[in-house]
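Read through the structures below before going on.
What follows is subunit A paired twice: with subunit B in the first complex and subunit C in the second.
Up next, the complex of A and B:
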């Protein structure tokens, strides 16, 4: 297998069923899902709310154990320390320790990644500069705006120089300029050889950065392919595959307001 | 180790920046200074010392223990609820190391608070208020067969006795032996008038003890006796105590816990160096005592400050084990359940020895009581590493907390059991995360 074809993430017929206290199955979040992420590519995991994206990501991270099937990260169990050494993760929300400063936050995660004090200091400085937070490095992150906290979280996911970066809604909470910069960053990281697995609701963003996407719905793969080979936009492709989900029942509300969906 | 220190530092910084450590330290100082004014003593230096240590230092310890247990039992559960725990769990660090580092940081916080509480206690010992207790004593007990051995002998006799009730004969051997063992601890010895009793001591393990018994050196041993008689009435005690080349004349002392300082014998004679003899010269009824509980040879040891340090080590060990247990609960349960369980287990473990000692014999109880007693006994045995330690009581009585005991307690409570609980937490942690 060439370097390009090396599989960084492998899921084979993975199922995840959540159970209640009495071990009765409640939700089948992921159902017979198989996917592979190759070294150096930007892979997008797309799907509507509740489709099983986050559960899949958590199984890849080793936070959830699959009910059936197999998950491999760098050919190892996701819970092995060797696999976790090569991993960076940005969750959907930032979840930072509010009493730590931005620089302390990065140094904390640097410590967890086993970086020496000197390495941690230089990497912290470099990453804070990269995300444009050098000026507020000594301010507690509890006082940061959502966008600033997001940038600290992004920097902390990169602190251990990971080979695989998992981004859960990376542009969530960012303004359009920061969103553009994050997309540029993801492309640059991929160009540097890093593998990126991301989820996003913003299909235009995914189209801009992803090499390959998988669309999941009800825990199952409904489509998979290279973005460059799509004949339509990703949004049209997505809607064609997932359909009109219609979680909202707007018609009665709009009728009461004397407007129609079309007018809107 | 870098990951360990990162988590350790985070937890400690959290204690500092949340001001929990500051509040505990201020409480410790304020309480230690306030207690002598809040609680009236008997006017003696010993009374003042006992109040300061038992109620002052003891109060600080209890508050620190409960607050750190609450912090520990909420620590991981709170991180999980705030969804910060996965960010640590996806890093290349063993889950048990996360728990152990947290335990170490919380233990350090507790150690700091207890050290701060030691400062007023230390000052009071140095400025002369406790001049009578500048030194602590090694406490030697008479060499006797173990209560278990005595119970086995009693059991054989008891079972052969035709007057033994049939329900006792039908009972399980282990149950009867346990009851007899408890009674052996309270086995009384009678000392008739004008008779002498002797108790053997092992002084070979204490450097300097033999020298002191032979009347050499400035600090001579004392003997502590707790005497009573058949009728539980006031009675004057007269007698003569001797061991090696030192002795004490006991004259007209009222029945109580009495400490007799020994002095060199004027006749220059010598008794056996490891045999303490007591002659009852009183004219009243026979005297009684429980050799296992009421006789002690007190051999001077080192200064109060060292005893305080050893008590601090034991208390920190107790904190470490309690915190580790709280963190284990926090790994396995949600925050409110973990906190509730921790407080209930702490309360039951404190109360269980008293319940067991005061409850009627198992043979006299109903089935439901026997079940409850079995559960209480299990809790008492499981929590014995903590509940059996009483460094503050011994500190207040000027009894030396022995170095080998401190080393053993530290090895078990500060290291071995916390490591074991951290390993268990490391197993439980991903399983609990799987439920989230």
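Up next, the complex of A and C:
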């Protein structure tokens, strides 16, 4: 297998500029971003809010077309059916049809993946057991808690036995035990040969799971490297690279509230 | 299934029930000319309103997917945008056609019942406004599925709207067979008569589907209702049902022209919808 074939995801000088109704550019979400994800690795795409992570993922999924540059998934266009057959996707929010039961949801996505009825039924059973939702398989997901819905979404991302799993904030909305289980699952899937591309705000989680990370800010890559080779914690590395991102202006607020910010 | 899960679909079902209960009861009352005209216009408007009501679930089927993100989730799977749009559009249309054929066939049986009742009244002098078995069958075809669905929902947690729709369709099929025996030639006219309803409905519903890919709910609904205004020949479907029940015939040319009107319009809206789907970000 050549090196080229080992690259599951390739982005080359990709730009994405959103435009308004009159086609005037409004936001440059991604700017000259290049990245590669190799077969079998767990790749973390990290960055503060609004840094272009989700836009990048949507371009990899073929949901958004890049304004410039090239995106390749398994060496193909991300919009090609052949490329998306090998893909599993867990979005940041669990987008589920509220009127379908957990079991129906998985069978629906199994159908979209082209699984036969028999295959879909056995895979549904297997995955519901894996995420611990067998008991509530016949309940509509509209009545599920956020964590339960997240587990259904995770199971649905694995229904087609993907080669590449894209996880957008996989532990969002999960309790600490479920978070730990998801991390164990990601490690197990990677050990089984699956390639994982994930975004996370929880840097400790990314450090536990990822082999390699890229930090993006304002749509540009600011750092990329192997987690094992970091001399500091990922959090310190992140802060050093991204800088002091001040979305919140807390100091004036705390001063007005007469709070010093020191521990009592 | 999404289409049927919309509360409006249930409203549509209940509206049909009201129409079917009221129609034959009012049908052979001795009204003055002005009141009869108002009654006929009212029923015709209700037929058109049925199509207008169906526009909203169709739009919601698309808009809800897009607003909640399930559209993106589906497109991340190995499905083409074009195929996804076509599957959704035809699914919504099929649900409407099944529903309209159900209501249409029951309505036909009810009107025939009223006509038979009228004949008995004129022959025997007995005031029989509605012929009993037809009335029971017509109303039962709606009420019984609703009752069975309620029981299934209560005891087996089956979805009420879905099961009521499916049972209605089964009853309709049985009704079609039964009416074939009872009504003879009238039942044979059911399909072409349904085509007259389905053709303008197809144009309106496919336009709603295409617009909803590009526009938000209100704008898409306004555009689709504008298309409905151009499909107003559907307003006189009520008179056709009545004439069929009286043993009248349906001019073949009328059915053919309805189909010829619908086909290019539906094709155009499907192409628009596919184009909008491919361009959508």
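The rule we apply is simple: the second predicted complex is superposed on the first by the 255 of 264 C-alpha atoms of A that agree within 3 Å, B and C clash if a C-alpha of one lies under 4 Å from a C-alpha of the other, contacts with A are read in each partner's own complex, and residues count from 1 in each chain.
We take it that a contact is a pair of C-beta atoms (placed from the backbone, for glycine too) under 8 Å apart; a residue touches a chain by one contact, two chains touch by 3 or more.
Because the structure is a prediction, the values reported are computed rather than measured.
Chemist: Given the alignment on subunit A, is it a clash or a fit between subunit B and subunit C?
Modeler: When both complexes are placed onto subunit A, subunit B and subunit C end up clashing with one another.
Chemist: Could you say whether A:93 touches subunit B, subunit C, both of them, or neither, answering first, second, both or neither?
Modeler: both
Chemist: Give one of first, second, both or neither to describe whether A:116 is in contact with subunit B, with subunit C, with both, or with none.
Modeler: The first partner, subunit B, only.
Chemist: So in the superposed three-chain picture, is A:64 touching just subunit B, just subunit C, both, or none of them (first/second/both/neither)?
Modeler: Once the two structures are laid over each other on A, A:64 reaches both partners.
Chemist: Figure out whether A:158 sits in contact with subunit B (first) or subunit C (second), or with both, or with neither.
Modeler: In the superposition, A:158 contacts neither subunit B nor subunit C.
Chemist: After lining up the shared chain so the two structures overlap, which partner does A:84 touch, if you call subunit B first and subunit C second: first, second, both or neither?
Modeler: A:84: touches subunit B and subunit C.
Chemist: Between subunit B and subunit C, pick out the one touching the greater number of residues of subunit A.
Modeler: B
Chemist: Between the stretches 185-193, 329-337 or 365-373, which region of subunit B is in steric conflict with subunit C after the superposition?
Modeler: 329-337
Chemist: With the touch criterion stated at the top, can you tell me which subunit A residues are shared between the subunit B interface and the subunit C interface?
Modeler: Of subunit A, residues 58, 61-65, 81-82, 84-85, 87, 89, 91, 93, 95-97, 99, 109, 112-114, 156, 160 contact subunit B in one complex and subunit C in the other.
Chemist: If we count contacts the way the header does, which residues on subunit C are in touch with subunit A in the complex?
Modeler: Going through subunit C, the ones touching subunit A are 1-2, 5, 68-70, 72-80, 157, 159, 281.
Chemist: Quick check: in the complex, which residue numbers of subunit B touch subunit A?
Modeler: Its residues touching subunit A are 2-3, 5-7, 9-10, 13-14, 17-18, 82-84, 86-94, 430, 433-434.
Chemist: Tell me, which parts of subunit A touch subunit C in their complex?
Modeler: The contact residues of subunit A facing subunit C are 58, 61-65, 81-82, 84-85, 87, 89, 91, 93, 95-97, 99, 109, 112-114, 138, 156, 160, 166.
Chemist: Which positions of subunit A touch subunit B when the two form their complex?
Modeler: Within the complex, subunit A touches subunit B at residues 58, 61-65, 79, 81-82, 84-85, 87, 89, 91, 93, 95-97, 99-100, 104, 107-116, 156, 160.
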